[in-house]
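Letters A, B, C and D name the chains as they come in the text, with residue numbers starting at 1 for each one.
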């Protein structure tokens, strides 16, 4: 038996490849499917099935790409009107070589969610692919459909009546790990068992009522691209055979092109201190999610990269989010832009000492762009809070009159926030490098929710 | 938390890398340690500990190589006089970032065997690194030291009193998977839990008496290199910084060199139909173990390869077995040897139909070179049995008077056996391509132990 | 200025990439154009032109593939009715950055052949891209169109009136190097100058009459695929964006598929001693030309490979010849075929000593399958000669009654010849490993043309 | 025959690999010799000779590294007391397979310089390896030994009496191309012939007197590391087997280490706007030469990199200059430094518009750090000139009282200059991004030498 976990960094998405006796199945494939095809090739296995645990909302699923390049069948829950694949439900079974897989309906996160239970020999479950029902240390979010009561109640029953009874020995294979936007409170690991969760997962210690109450109170952002993904994953995107290569462009071509498109600058925050007008600052790994918040799906996308080799990774990340419109990157990078004397703007950089100094003198507005959960868990006293994902539409709320210093946990999301402010025409903007992490490392004070509650 | 399983194919050896908060530990590293260093580098972690579960006997452990390139401490059981590292025992604890690891003495396979229990948060064991005590589907061999009763009895207690009590939810991380010479009856997977083994491992269903009896009866070969490995791993080999690159040689250099060394031909069996005099036929992946059976540790080693890129893999496999004397390979491969008109010998090839025909006419001796376990589990009626690993010293037992057709499961080990017979001066030798696997696929009859017993 | 020579091994085809100031041109691109695109990307250059020296006949030109992926213009001679690109002629000039290029009409090898003369600064020619007019040590073949007198006479004038006058200092950049089927008598190098050729090329020492006589007498084979290539290169093949990946297949799929297609076994000759029925034996590098001789352009092609990584190279070689129908390869290679007990045939192998022994006893027919030029230049006395490229259609000429031993220079082409004989149903066939090279190395006698003439 | 040119970017150093019939020679190998060993391996050739054209002064020659890993002989001129290899002189000949090589003494650049003339068949020179005697478009510098008259006079004779007579058809293979510090006036190409130089090289149009006068007037910088290199190359450095890998370090380790070593920040200039105190700013490709100007050979070196994959390239560049003391790099890069709240300094960035504005207001000192030749060829009217290579020792000459804006051609060397000023304690420092190139692109005025001379 072959078992492989494929983690998509940034999304914290976990997919799985299992194989036996010349046959294989892929659970929740990402859209760029070459990794699965490579595994199949190396082990001389035919991919016979794609198993979808649920209609994902945070990335485009690769089922149809795999279907186009193999002879696999796509299976998913029967309680949503998918435009492709086959719906299955409780007790349906398949074989993959010597392995047997049984479907369990485990609604909650979505109404059609399935758990796939894997058996090798005998009747003792070996693994359970739980999708977004049960994670390590937490459970799937229940705010995306129906009423919270309904969704959370269903999830409670799915976990306690279907998943936990599989037995402590069952290896747990969820669809997300730490860092995902599909839950909160993740353990910092991708390995564990149902028994381990039964014994340590705080959500599993709650009775149904408390569980529902807890789920209702979860402070989770809902990215605008979720709706787009849900539509893509219900109806199926056209098969593309992988991300289109993005073309190198010279300075005149690039300047012309970006005037009618979206420009993403993938360099790290200190480099963004000098940048092209109109650019979003999204560091390379951030490309896995942040474009979903700020980029229009119809706009052509252009990239400024620190290294041209990064074009492939950036294009791949965007492809996973359904952005098929990445047109080009500036060949030779920012240095060529500078040499050509093209328009260049500047962003101020701060470190905690400088920020503290400016704060003491009342000369700066601190704009904290972290999530609600982070904000509640420790903030700078004087700060204003707008989540970076909502900043563009809440731009009018940014306090005026003083320079604005954006801060996040490390300076990465704050660089995106700074670029949004610059695009909005705000003149004096700073990014606090190192963010709250550095602020704490330098022992500057933070205000915590509990203090506030007093 | 980072958790990685590193499998050394051929040896079916499993080592593990775990890390958290900038610190890492490696359990049972192989001798070529670059994989662990790469993981540490990619995750910005310091390797703080090497944890040896026991004095391995089937490969050279990489502890001292890692120690030379990092600042790690080497820990192992205290009940053998290791010439390096530090001995620990029951209840000793260490920290790796946020992870905690506790040592359990679990003797049996060796007298000083340890199990390392990993906890992340709280007191529920997350993983157990059991070395050669408990495998998937089987248990460690107990024929390598002391009396079988003593060793097997200790192992029984270690498993039932120390390992199983860790709980069903504990992920099992043994030192070997299917294909290892360190046990028999392996499940065909590298993932599972203590609960899974408790419920399905046949060895765990036996009472102590039956367990000891079963262990005593296990038909396991004992390769001659085990003694060498035990000595290497107790005393420590000099640090080399990795396998030495092996030099390309031209035809005159190579011809001269092999007259005073050991020649290994790494091409596949059909290609060995034409070969250099005196060569051992060991296919590339077979290089992970078979040289340990036939090659003298003092002899310089020379390689004939199908592709020159294979030199790195071959040298690496040999390095894992402690062979540091790989001197060179023939640049340009066998074609250059042929073009130069150098001495070339031939080996006959058969497929099942041809073998059956020759058998029907009584014109061939079939020499089955598989293991005892395989032999018992189905053989050709007329066959003689000598295990390939023992063939060189039992060469006098090979029946004379007829051509000899070597057979194994697929034709790979039989090619080694054929080369041994040729080296011994036996003239008419055949390799049965496809071996017993093909014989069965063509529906030729096999004799089974149970039939024989009647 | 950037200048790169790209050699396609096997074809001995030379193409060139030149660039300056952000612009580039490619001369005679091969069909798989990624190498040129990579160079353009790495140097931030736009490919502005593809320059064809002539309508090539030994590979598919990549002009239209480049055109589809860049904005380049395709230029070629105006004296053939190309269905794409633009025709140019004597004195036409273009610019590539700071470089200037001037076209010269140099007919002979083909009626529309051009030479491109490159200047950097000033009026002294730096390089001349002569296509198949002037090579190192020889000149282009003149037997492919018109009368030999006409073609050779034109070529003589092109060389002496147009190319040589460019000056001794001009670097010569021809379209082929040693090993090409587009000429005979190549120097063993890819670097030189017009002055060097003026002083040392034997063809340039001849007067026009002797030159024509020499060209008429050149013993050159004319592969059947030349006509196909000429048509492809005149009319343009559909743009494919590169070779299609070829799919791994399992044994049942492969067995089914090859029953309706062409099977090519890319393993080396000794391995072909055991093989699938009906296979052509063409070693990997031989895939660059030999399929053009034996494979039907309509037939699906299947590959048996020594290593699966070779699939990309094999598919690429076939793509260069216009074979777009490579459907799959056997995953796991020949070992899987053997294990499954599938039909397997055998080919005898010989070395010179064995061949000499059989010859002495009159027990074998030697079939020499080398080219006319090689055959004239030293042969085994008893041998019969049929060029491997013509063997399939001249199969009736193979002497009957005795086993046939195929021989070439090294055993590679003889393996193809052996496979052709086996496919034709001839039973006892041998391949002489090492071929005439080994025969000579062992000091066996050869008969030379001059001896014969006496 | 195999011929390969190996260009070391940054140094603009050219070395050559030639081979024939299983034997090879390397001309002027760089210190990291794996490229030559790979070529030898791929072509199954023994490296028989290393041919040094002269005692190089701008990089460490790899002769002894090659000698240690092959069985080659090292040959060089006999007129310097080398501590390794063998001295040869006029007319000495060697064979490399079918190739013949003849030595010519061509003193001038150094007293012992040789030219190696390559012949394949016959007596017509094919190539000339001229070292630093004759380049494309220029000639070797003559200011490094003896009197300029003596050196330039010898060089004149070497070129006109020895090299030019080899004939126009001879391919010229010099030791440097455009961008080298070993001459001025290089053509922008690495391909050409002696005939091409005879017809177009301005130095070859001069009579001896004018040639000597021209050479005496050449504005060439003499880096301090030249003396070091000359000593290394005369006496031989210990063999190391390649650059030592440089270790990843965490923040506390790195902070501690750099307090006793040299810190090089290899990020691009915009990123250096935020940096660690005490760092030199040297972009990655600049690592090929600039450390030779500013880094002490005894000091341990630490690297801050944009990408950790750059560690290998940086270490390799430093190794070529003889820096064997590269100890480590910061794992996780500058972001980790920032997160840990470590000391961070800032550098101002300007573009031409901003600089022009400040100049108009008299608020800035412009410090032009380009070479003398560049400075003479167009400068900003108000600028002060100190070459970046000499800035550290001429720091007292930097005008005081106003902020200093460093400018070079593009902002790269100016970033190094800015870092030198910051290290020297100068507070208000700016780097002009895009440099004079951008300044010109924006049509700001420049002052030229000729204007000045009026």
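Couple of notes before you dig in:
The definition used in the following text is that a residue touches a chain if its C-beta (ideal position, glycine included) is under 8 Å from a C-beta of that chain, and two chains touch if they have at least 3 such contacts.
These figures come from a predicted structure and were not determined experimentally.
When the contact pairs of A-B are matched by residue number against B-C, B-D or C-D, more than half turn up again in C-D.
Each of A-D and A-C has its own count of C-beta contacts, and the greater count is at A-D.
A straight line joining the Cα centres of chain A and chain C is 51 Å long. Chain A and chain D have Cα centroids separated by 46 Å.
Among all residues of chain B, none touch two or more other chains.
Put simply, chain D touches chain A in their complex at residues 267-268, 270-275, 306-307, 333-335, 338-341, 344, 346, 349, 351-352, 410-412, 433-435, 437-442. Of all residues in chain C, only 22, 40-41, 44, 46, 248, 250, 308, 331-332, 336 touch chain A in the complex they form. Residue ranges of chain A in contact with chain B, taken from their complex: 1, 3, 20, 98, 120-122, 124, 126-127, 167-171, 187-196, 198-200.
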